[in-house]
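Take a look at the structures listed below.
Consider the two complexes below, in which chain A is the common component and chain B and chain C are the respective partners.
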Partner chain A sequence: MRSKFFDFITALNGPQTVGSSPLYWRSFAIVCALLLLYPIIGEDYAVSNNGFLMVWVFLGLSVCILWGYTGIFSFGQTAFFGLAGYVYGVVSINIPPEYSMLAAVCGIALIMLLSAIVGYVIFYGGISSLYIAIFTLMLTLLAETLLSRTSGPQFRIGSALLGGSNGMVGIPPLQIGSGDFAIVFVDKPFFWLVAALLILVFLGLRFLLNSNWGYLMVATREDPLRTQLFGYDIRRIQLMTYIIAGGIAALGGVLFASWNNFIAPSSMGMTAATLPIIWVAAGGRASIQAVTISTFTLQWINQQLAYGGGEYSLMFFAILLLCTVMLFPQGIVTTIEMALEEYLERRRVARLEKSPLLGGRL
Partner chain B sequence: MFGLFYQILATFSFLVLSTTGLAIIFGVMNIINFAHASFIMLGAVVTVYLVSAANLSVFLAIPLAALIAAAVGAFLEMTLIRRLYNRKLDCLLATWAINIIIVQAVFLWLGTSQPGIDQPFGSFTVGDAAYNYYELFLFGCAALVLVAVFLLFRFTRFGLNVRAAMQNRDMAEGLGTNTTAMYLKTFALGAGLAGLTGALYAPLMPVSPYFGDRFLWRAFTVLIVGGADPLIGPLMSSVALGSVYGGLTWLWDSVAGSIGILLITMIFIRVLPQGFTGLWDILRAKK
Partner chain C sequence: MSDLVTVENLHKSFGGLQVLRGMSFGVPEGEMRVLLGPNGCGKSTFLKTMIGLHRPSAGEIRLAGERIDGLHPHEIARLGVSTKLQVPSVFRELSVYQNIRIAVQRETGRDARSRNMVIDETLDMIGLITQAGNRAGNLSHGHQQWLEIGMAIASQPRILLLDEPTAGMTPEETQQTAQIVLRLNRQKGMTVIIVEHDMAFVSALDAPILVLNQGSIFFEGTLRQVRTHQGVKEIYFGSRA
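== the complex of A and B ==
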């Protein structure tokens, strides 16, 4: 039993992710426990709000595994995030509330299908990475433009009104069971749901990234040509990663729409497409942990700036991006992590040097 | 029928003008300048300011605005972008950050709306519909820009150096071309053309800090469909996309036009990833 548990942990460790020591996993378990206990002591509003901030982490992770691990720079994850919200909205409005989980599955599945189509065009066409950036941005802006024009009663799917640039309102929250036995995921239950999903996705990604597949992703990023010459079909690797990333972004979008009860085309605008890139760049693109931390922190800062008027929020993020690119190309959180690691290593060596066994001969 | 012709002409000039600056920087330096939209917006805002506050004639304000945008571009190249030439994607991020900073600075400084300026020239009628002379003037400007770019690249020392560096940068440097100065000039030229575009369209559209956004994704489309050549690319893909967009807009509406452009782009990416530049190379190789 014990060894099986350690096998499981070993599969989660590897060079692709930060942290593998017992100390790391102990702190990880403590953080998870605190996350799951937090709603019991927290106030409804604060818990709900922090749950909402965690929703963005899915979008950040989606950009991170594409850009940081596979070398595909995509502005389009925001579009998948928003469109998933729309699909969830349309389906959940049209079916009874006890089936809203089905709507969520629908949203994620449809978006994964869409990312498969887009990914097929991009990767099997073999365009350069700079073109992928502008093509995905173009798709995002086009989705926003088209959905903004759907105002009026003729744009309805069943009983769901698309609502043009004002967006779609009255989206029901996620729910399990019906009648008296129903758990409706708002406030505290919502936090638990998001926290559980986030831990699952995070561990799942650690598993994926440290498996052979993860090595292939990193190989594709480092040298596509060499990977191809080793006999791997990099188009397939890129496409599969794109679909997985699309699914994660879609999960975030569904949670977003269910929390907000509302989704608008502005969730796919220029600003919305920029923010995930900034979270990932500022955090550290090649580390899912750095991206998780930076997404939550930066969205919290964004919210604080929005309370104070919001005019300076975008300016702050743009300057942050410029500083990151010029001064910390690896990302701010990753730079801190590396400094911390170096400090711990130096302390370990110092302790070894003092130990009587070595007699200071190290 | 004249309506269709006019629509295609207008779309063509719009696409050529909004793309050429972007395409030159991409073709020569292999950098996608995400600050393109903010240079366009700067051109427009400066034009409006010069006309409404300084009472300058529009035709004096337009070249002045283009020069100011070029100066801003040159300054940014010297301070920031120069350091990132070896990191293409970081270069994209930096220009994107610059774009947001310029747009937000203008927004904080001037607010969202700007006074409108009058459209020069009048209008004429064919059948029942009225058309602007100014659109025809814009078509003339687009043609002039293309010819000027052709002459610059084909017949000047600068153009020769640029084409050499496009083929093989290290070799050109080894033979004594100062690529640093060349890239500076290229970036300033691209920024200046963007500013010119904004200045030219300032009398036609409401000017705001987000003025450049409506140019941006169409310029990207033209760039993808056109490919890396800074002359062949914008020219051929503007003709193609202009006809598709203009035609569909004339038949139905601009939504149909946008979707048509998207489909064409997707087909191009899948079939001809090098765009019209690739097609041109294939045709030339066959000869």
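== the complex of A and C ==
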């Protein structure tokens, strides 16, 4: 039993992710525990809002595994995020609330299918990375434009009105069970749901990134030609990663629509497509942990600045991006993490040197 | 017809530039060939065509009787063709250990123990065990070349293609490289095709030589025959002396 657990933890560790020591995993467990306890003591509004801020992390992680780990620069994850919200909205409005989880599954599955189609075209079509960036940006803007044109009663799917640029309203929250036994995921339950999903996705990604597959993602980023010469089909690696990233973005989109009870085309606009790139670049694109921290923090700052008007937050992000590129090319969170790791290592060595048993051997 | 590699009437042009013009030769399984020829005569172009990076304009390349021209690079690699290209390319940001892991994990699958064993063996063979944790981009040029050779041989390929493997190496490193290649060829029976300019290296290999000129194999023989052949002297050594 103990060794099974040990194998499990080992599979989550590796050079592709930060932290592997017992100290790291103890801290990780404490953070998880705090996340699960927080709603009990926190205020309703704050808990709900923090749950909402965590939703963006899924979008950040989606860009992170594509760009940071596999070297695919995609502006399209925002479109998948928004479209998943729309799919969830349309389906959930049309079915009884106790089946809303089914709507969530529909949203994620459809977006993964869409990712597969788009990914197949761009990777098997041999489109170069610059054009992938432009093409995926156009997809995002296309989704925004098309959905903005859907105002009027003729644009309805069942009882769901698409609502044009005003967006779709009346999207029910996620729920399991019905009647007296229902858990509706709003406020505190919503926070628990998001936190649990985030921990699951985070650990799942750690497992993936440190598996053989993760090494291939990194190899494809570093040198696609070399990777092919070792007998790996990089198109397949890119396509599978793209589908997984699409699914993670879609999960975020579903949670977003469910929390907001609303989704609008502006969630797929130019600003919305750019922000994830900044979260990822500023945090540290080759670390899911850095991106998790930076996405939450930056969206919190974004929210604070937005109270004073959108222009401040855009200005802040522009300056942040410049500073990151010039001063912390590996990302701000990653730079801090590396300094912390070095400090801990130095302390460990110092302690070993002092220990009477090992002192002589070092 | 028992050749492992058969090249037949291979042509390759880039736009109007005809580089390979009817190149033909064969290599039996387990043998080694050295491909010589003046700068820019198309040696690298041949290797790249053989591994699927270029599509031949005409002609055929066969591996154990099966045509491989037209296959994707990864498909050719899966048939047991391993390559070290002329321009060194290692995964610079990754450690030496991770570099080799990527090269072998297709063979060793998910079993961590057998994978680590193959990685350690390879590190031992190329003498980089003490550098296993270092970033590959920080290695000296010669060590990067070794790492690349190590990655190419780690998966036990049937055929090893090396494009100027000793470029930038010291004379001792060159001799060590020759020993590694000889061991692979003689003890493990690996078929090897090497492009090389360094004469000390070529003579250490003591293998039959193919001279490429004007897009086709101009002469085949031992190094001594090549050195004394009047025509080869003119096109090759003559141009350098």
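Quick note on the criterion: the second predicted complex is superposed on the first by the 351 of 362 C-alpha atoms of A that agree within 3 Å, B and C clash if a C-alpha of one lies under 4 Å from a C-alpha of the other, contacts with A are read in each partner's own complex, and residues count from 1 in each chain.
Note that a residue touches a chain if its C-beta (ideal position, glycine included) is under 8 Å from a C-beta of that chain, and two chains touch if they have at least 3 such contacts.
All values derive from a computational prediction rather than experimental measurement.
Look at chain A after the overlay: chain B and chain C fit there side by side.
In the superposition on chain A, A:Pro153 makes contact with neither chain B nor chain C.
In the superposition on chain A, contact is made by A:Arg226 with chain C only, not with chain B. Partner contacting the larger number of chain A residues, of chain B and chain C: B. In the superposition on chain A, A:Tyr215 contacts chain C only, with no contact to chain B. If you stand at the C-alpha centre of chain A, chain B and chain C are 70 degrees apart, rounded to the nearest 10. With both structures placed on the common chain, the touch criterion links A:Ile234 to chain C but leaves chain B unconnected. Of the two partner chains placed by the overlay, only chain B lies in contact with A:Ala281; chain C stays clear of it.
Of the two partner chains placed around the shared chain by superposition, chain B is the only one that A:Ile319 touches, whereas chain C remains out of contact. Judged by the touch definition given at the top, the superposed model places A:Pro22 against neither chain B nor chain C.
Of the two partner chains placed by the overlay, neither chain B nor chain C lies in contact with A:Gly308. Superposition on the common chain places the nearest Cα atoms of chain B and chain C 5 Å from each other. In the superposition on chain A, none of the residues of chain A is touched both by chain B in one structure and by chain C in the other.
Of all residues in chain C, only 51, 53, 72-74, 77-78, 82-83, 85, 89-95, 98, 101-103, 105-106, 109-110, 151, 155 touch chain A in the complex they form. Of all residues in chain B, those touching chain A in their complex are 30, 32, 80, 83-84, 87-90, 92-94, 96-98, 100-101, 104-105, 107-108, 213, 216-217, 220-221, 223-224, 255, 258-259, 262, 265-266, 269-271, 273. Partner chain B is touched in their complex by these residues of chain A: 73, 121-122, 124-131, 133-135, 137-139, 141-142, 145-146, 149, 270, 274, 277, 281, 311-312, 314-315, 317-319, 321-322, 325-326, 329.
The part of chain A that touches chain C in the complex is made up of residues 15, 212, 215-216, 218-219, 222-223, 225-234.
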